[in-house]
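Chain naming follows the written order as A, B, C and D, and within any one chain the residues start at number 1.
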Amino acid sequence: MTFEGVTVNPLIGVLVVPAVAAALSAVLPDYRATARLNVLATTLTLICAVALLFAKPQPRSYLLIDDLNGTFIVLTTFVGFTTSIFSASYIGHELDIGRLTPSSVRFYHAMYQVLMFAMNLALVANNIGLMWVAIELATLTTVLMVGIYRTHEALEAAWKYFILGSVGIALALFGTILVYMAARPVVGEGLDAMVWSVLVTRAGAFDPALLDVAFVFLLLGYGTKVGLAPLHAWLPDAHAEGPTPISAVLSGLLLNVALYALLRFKMLLAANAAALTPGPLMVTLGLLSLVFASFMLYRRRDIKRMFAYSSIEHMGIITFAFGIGGPIANFAGLLHMTVHSLTKSAIFFAVGHVAQVKGTQRIADMGGLTVTHPVLGWGLILGVAAIAGFPPLGIFMSEFLVVSSAFAREPLLAIILVFGILVGVAGLFLQLNSIAFGEPRGPSAKPQASYVPMFIHLALVLVAGVYMPPVLVVWFQNVAGLLG
Amino acid sequence: MTLTIILVCAAVLLALGPLAVALRHSRAVTQLVYGASMVASAVSFAAAIAHLLGAAAPESITLPVGVPWLGAHLRNDALSAFFLLVVDLGAMSASLFALGYGQHETASGRVLPFYPAFLAGMMLVVLADDAYTFLLSWEFMSLMSWALVMSHHRVPENVRAGYVYLVMASFGTLTLLLAFGLLAGSDGLYTFAQMRAAHPSAALGALVLILALIGAGSKAGLVPLHVWLPLAHPAAPSHVSALMSGVMTKVAVYGFVRIVFDLAGEPAWWWSMLVLAFAGVTTVMGVLYALMQHDLKRLLAYHTVENIGIIFIGLALAFKTHGMVFASALALTAALLHVFNHSLFKSLLFFGAGAVLTATGKRDMEHLGGLIHRMPQTAFAFLIGCVAISALPPLNGFVSEWLTFQAILLSPQLPVWGLKLLIPAVGALLALSAALAAACFVKVYGVTFLGRPRTSAAERAKETDSFSLAAMFFLAALCLVAGILPGLFIDALAPVSSALIGAHMPAQTSTQWLSIVPIAASRSSYDGLLVFLFMVISGTLAASAIHRFASNRLRRAPAWDCGYPDASPTTQYTAMSFAQPIRRVFGTVVFRAREHGDMPPPGSTRPARLTVELHDLIWETLYAPLAVGIGFAADRLNHLQFLTIRQFLSLVFGALVILLLVLAVWP
Amino acid sequence: MALTLDLTVQCAQMLLVLLLAPLFTGFARKVKARLLRRQGPSPIQPYRDLARLMRKDVVLAENASWLFRVIPYLIFAATWVAASLVPTFRTGLLFSWSADLIAIIALLGSGRFFLALAGLDVGTSFGGIGSSREVMIASLAEPAMIMIVFTLALIAGSTQLSTMAEFMASPEVGLRVSLGLALIALIMVAIAENARIPVDNPATHLELTMVHEAMVLEYSGRHLALIELSASLKLILYVSVIACLFAPWGLAPAGAGVEALAIGVTTYILKLAVGGFLLTLFETSIAKMRVFRVPEFLGVALMLGLLATLLRFVSGSF
Amino acid sequence: MSGIDFDIAHLLAGSLVLVSFLELYQDRLYSLLNIYAAHALVLAASVAWQAFIQDAPHLYITAAIALVFKAIVIPVTLHRIIVRLGIHREIENVVGVGITMLAGIGLVALSMVVMLRVTREADPLAREDLAFALAVVLLGLLMMVTRRNAVSQVVGFMSLENGLVLAATGAKGMPLVVEISVAFSILIAFIVIGIFLFRIRERFDTVDVQALDRFRGERR
């Protein structure tokens, strides 16, 4: 991609721009400048990512672009871009009401860019060790951002996230080492045994038993990052106590990146016939988190914690879809990942507005949103309808494909899936009724932040539900074939 | 050609939604939206009639939207054309009614955007030709109607009704999704053509029947799954509840017919027994519930449940497992004719209820009365609706019920023993529910329109606007025409039954004097026109003879009240007291009805108080425990939110150890 | 030529039924009086009452609506049309195929529907008592009646009254248990529908007991005359249905000559006389039941009808 | 890989597991920190020995980091923090020592079964190393689960991390080992600073994790 004569390889651009922006925003004194820099940086990264789609560079030892991470890079940078627009006005408001100090805002923007850098690195990393380091860095930055408010709950949430995250990362590292051990006799020592594109071609010859143990550790390690049921404990508190843009990025992107890492390793196992199929493990974890999170929606009193549990529920559905396998279910899983991150970040934008307008996150203190703020209220209802899987929005198509293909293969599992989805929808709308409908409760200040990012996301989800661009369909289909 | 016109109309309707939002501040938006939706549904109605009467070949179109490698298949065959006709007729009359009724709508900002989308959703369900488009438009229809039910969200009951409705709708859709999953198989053959070609096995077909019965049955209102219907329909604005009761339940019947008769392959012998059992119970329970109500729209909603039962009795007898193709054709035609008739008179009755609601602001019959003097035209149209729904000649309700009875009478030749015993019992239930329906509508009409006004609101009632009246009289006229000339409508249904069953009833128009002959003239026939003419002639003959020869003098005087000084309006019979004898006969068993009279001690002037205690057994035995169970599970799991970090770590540790143990044990 | 003959027979049938109805009621009252060892009015007294009522002017309640004034004509028309379709002296009437037995029952049902509405129109509690009890009785009587129709239709293979009558007259009907049950059930339903003694006392004005009378309490003059006439028409309809189905001897076949018609008429009048006598005999031998014991009475009728149909469904021989 | 090299590596790895057991036994913070220092020392020795066998110079850096940073700097800082927080005399243990030991033995047995079943044709050293490394990781996790005090949980986590470094060094020729151990050191540094920087002491008057949990979001 030539840029005033300077040929900048988009792959490098996607990584360098956030890194530079992080350094700059740590230095710049005025917080408003860092906010604008933040938006500028994410726009540039988005342009690089889109350019990346067309100029597909050859895989190198450390960096790799193929169909799978092509779409996810664009998705990550796009959601990062819209969230930066939202967070510019959101953080401004948080500053006015004194919850943040200017220095902490500068720190926030620096960490935001480091997070972007870490996620992009994780997506493009070809070396499984590098991918591990990138995800570790992403966890560290989100821990710091969750604790930025310095309240008791925020610190407790950050500390819990930190400990659980570190244990998860340690397990993932052990899994990576085991993969290296399995690859060493076949691929030879040194760097090659860690390069994913080499591994996936030679995976057939690895020792299956070692791969199984490796996958168990990877599943539990990265599974903690994905927020699957027994390992989910950090997710609700991290979402509830951190600033809302971070909840949107956390829910929308970080869970996807962790699941993307898991998919990379699932491809390895799919290539090795003798290894135990990862299906049953992922299906059990998926169903467990789906049913568990659905039941947890009912007694939630904090709006962000409720949508955090909804994220766990949807990650459960996606893991179930990849666990079931087969071209249709895999396609549905990939589609669900994309559409879920768009919808969930849109919902968190709306929740951010609601929290600022109502001055609280407790559901009991807010009500009658469609009366006091019609546009915001109906935006939230559209988002919740999308996340609940109502047509014509995207998640309906993926749930349609998952349930129908699952029922044909394993009827009993599909019935549990349907039960979980139904309980989830019932819980979600029970809470929505008290938020959006009925007599208005609680204060109703004038909203500052713009609704544009939220409605862009919802429009994209609507388009994904009705008409999928064919080029995206082709990528998803051949990745679905790869996933086994 | 007709399919493209219909799709254009659907597209126009879909476009009206955002338009209504854009123009929400302008004054004429109500007229614009309802007028446009009326025109669109009228055009689509004409196209549907052209297709059905012209017995044209089924057309199909594939749009590039929807599931990427599949596209959206839409097809307009005889069955779809008939149900499209029913949907558009309902839509047209509801929009005409809404032109007048919409003026008084307080939350029109929440009704206008969703109303045309709701109509488009129903039209698309009927045209869908692959599982994805079918379920998409089915769920879209539910979402739009949920939004309409929630339009008066400030009333807590409406919010609860909307919630119950949405959960039941999602349950129904997910069940249908499982049914389509079975039909499509694991390699995803989602179009109906592929499903038909796949010829599902008997076991698969049975499972699909059960799932379709639960899925479509919950949307139509079969008894154990009907609980949302009497909550949701009254909560919506009247023209929407007319559409939900009269038309959306018919789209659910269409879903059932399409899946079971068209896609599920050869029916087994016990299929009709299962559907018959559900249908019989639905019919009687629906009308018994209705008798106990005194909220006008809730009563009409429960009556929808009863009429759905009658339709499903017809469908149950229509399975062609027993080789008697003509009997099945008769039963199917009876069911489809009742679908058409019910959509007519149920919409008419809901319009009447809507007109009463706007005039008096009250839905509770105990506060109405004497409206016939203040709202004569509405009263007349409502009377025709009541006579039609009570299945009394010469109107259309009687015709479809009569055909259903004829279908029942054809069944002794059936080889299946179970059916031999079940069908007379269901015949008795059908007759019982017909009589109870007549009793219920005497109560409705007598308490609401006749007698003296019980409250000042009823006293100050005024006639509704001309649009509402036009819609009501349009439907009343249709009821009369369908009652007098049923032969035309039965012949229109012939292509539908020959498409689904391969045979249809003998052509009716050839018989003399336009009477209808189900199987053979010697067997039984009924001539609506002659009976109507006879009644008119003998009535006018008697009137003119008496007025000319005997006296025609008339004077007014106070009614005989056994000498009591002031007969206040409260001494009149109310809805609950009118239903008291029937409640005493049936209520003690079905609703555990108990009456507690508490008389004041002698000498004290405290009024005596009679309280009636009714239990909705289905809600208490099926749904309440479910809700308590989920609440209990939610409470138990809620503790997991408040664990210490150490306990969360032990969760992770436990998961790791378990997985390692699984690995160690796994071969 | 045949058409005019059929037309004249049809009109003769309609007139015959209309004229005989008051006579039959008068005859029944006369026999009842004689059984109670009192003189009793002459059988033609009902004609005098009708003439008297026709001449008097109508006294309408203030609250009565236009429906109140139209309902008598509607009831009379429905009942008269139903009565004219029942074969009395000849089967195969010209218009008999326009409505079968189910349609006749439904016509009576609409008559009852409008009568109940009339009861509620005036706005006093008496009308309410009458209407609510009437619809309760109807809600049990009608299913029993439909069950009887099912039994007979299954035996005769058709629901047309004339074909059923011809089949009943033909030898192959034979003695069947279900027919016996159907006859008893039909008699019980007839008693309930026509407000005879065990269910409701036609002669009483005591508010607590009356059902049919309570609904027509507010009618006067020509309206009351029409309603009385419809009531007696309905009574004669039920008796002629019982006669033509369970005592079909003497019914002239479709194209019969004048003398067959004459035999038909005489046997019909004889059957009416026997029917009237038996009815009054039964009425004087039983006391009126409490209103809330009527459901058991009609429950028995419904069970008998259902049993008859079940037997009929199960096998051809029953 | 002659017998003697294998035996020494085997010895060092085995002793690391033994020290992990010792850590489980301690219930006083002082002794816990000393045992942890010993743990780091043994790790450093084992990594150095691996470096010698595989003659991979970069492993020496890891050994040096293990020695300097983990064996000396961390215990001393934690030591001083405990004194500042005044919690050095607390005795805390959630589950009885006996049960913890039994669980530890079970875990070691489990890791042996899982690992030995796995690698038959790979060279025995790697197989042994992984088995021991897995044992140390599981024991570290067990320690985190059975301790109530935040500092002892951190020590548990650090011993878990030592197990990982052992596994990484056991995998011959694995690149990025140094980078990973450096990343881990930063992580641990964050933890220690976290305890200090977040002024856990001043915020919650005690480092007892129990107190920490009273401020959970959405109090019941």
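In this text, a residue touches a chain if its C-beta (ideal position, glycine included) is under 8 Å from a C-beta of that chain, and two chains touch if they have at least 3 such contacts.
Everything numeric in this text was worked out from a predicted model, so none of it was measured.
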Revision key, fill the gap. centroid check, CA-based, most central chain -> B
Exercise for review: Please state whether B-D or B-C has more C-beta contact pairs across its interface.
Suggested key: B-C
Review point. What whole-Å value do you get for the distance between subunit A and subunit C if each is reduced to the mean of its CA atoms?
Key: 79
Check your understanding: Roughly how far is subunit B from subunit D, going centre to centre by Cα mean, in whole Å?
Key -> 69
Revision key, fill the gap. dist(centroid_CA(subunit B), centroid_CA(subunit C)) in Å evaluates to 35
Check your understanding: In whole angstrom, how far does the Cα centroid of subunit A sit from the Cα centroid of subunit B?
Key -> 44
**Study point:** Residues within subunit D bordering two or more other chains
**Key:** 114, 117, 141, 144, 153, 212-213, 216, 218
Review point. Which subunit C residues touch at least two other chains?
Key: none
Revision key, fill the gap. Within subunit B, the set of residues that touch 2 or more other chains is 641, 645, 649, 652, 656, 660, 663
Practice item. Return all touching chain pairs. Key: A-B, A-D, B-C, B-D
Practice item. Could you pull out which subunit B residues touch subunit A in their complex? Key: 64-69, 109-110, 131-132, 135-137, 139-140, 143, 150, 153-154, 156, 159, 162-163, 166-167, 170-171, 174-175, 177-178, 180-182, 184-188, 190, 630-631, 633-635, 637-638, 640-641, 643, 645, 648-649, 651-652, 654-656, 659-660, 663, 666
Check your understanding: Residues of subunit D touching subunit A in their complex?
Key -> 114-115, 117-119, 121-122, 126, 130, 133-134, 137, 141, 144, 153, 157, 160-161, 164, 167-168, 171-176, 179-180, 183, 187, 190-191, 194, 198, 203, 212-213, 215-218
Exercise for review: Could you pull out which subunit A residues touch subunit D in their complex?
Suggested key: 127, 129-130, 132-133, 136, 140, 147, 152-153, 155-157, 159, 162-163, 166-167, 169-171, 173-174, 177-178, 180-181, 184-185, 189-191, 193-194, 207, 209-210, 213, 236-237, 240-241, 300-302, 305
Revision key, fill the gap. Per the touch rule above, subunit D residues touching subunit B in the complex are 94, 107, 110-111, 113-114, 117, 138, 141-142, 144-145, 147-148, 153, 209-210, 212-213, 216, 218, 220
Revision key, fill the gap. Within the complex, subunit B is touched by subunit C residues 54-67, 73-74, 76-78, 80-81, 84, 95, 97-100, 102-103, 106-107, 109-110, 112-113, 116-117, 119-129, 131-133, 135-136, 138-143, 145-147, 150, 153-154, 157-160, 163, 207, 217-218, 221-222, 225-226, 291-292, 295, 302, 305-306, 309-310, 312-314
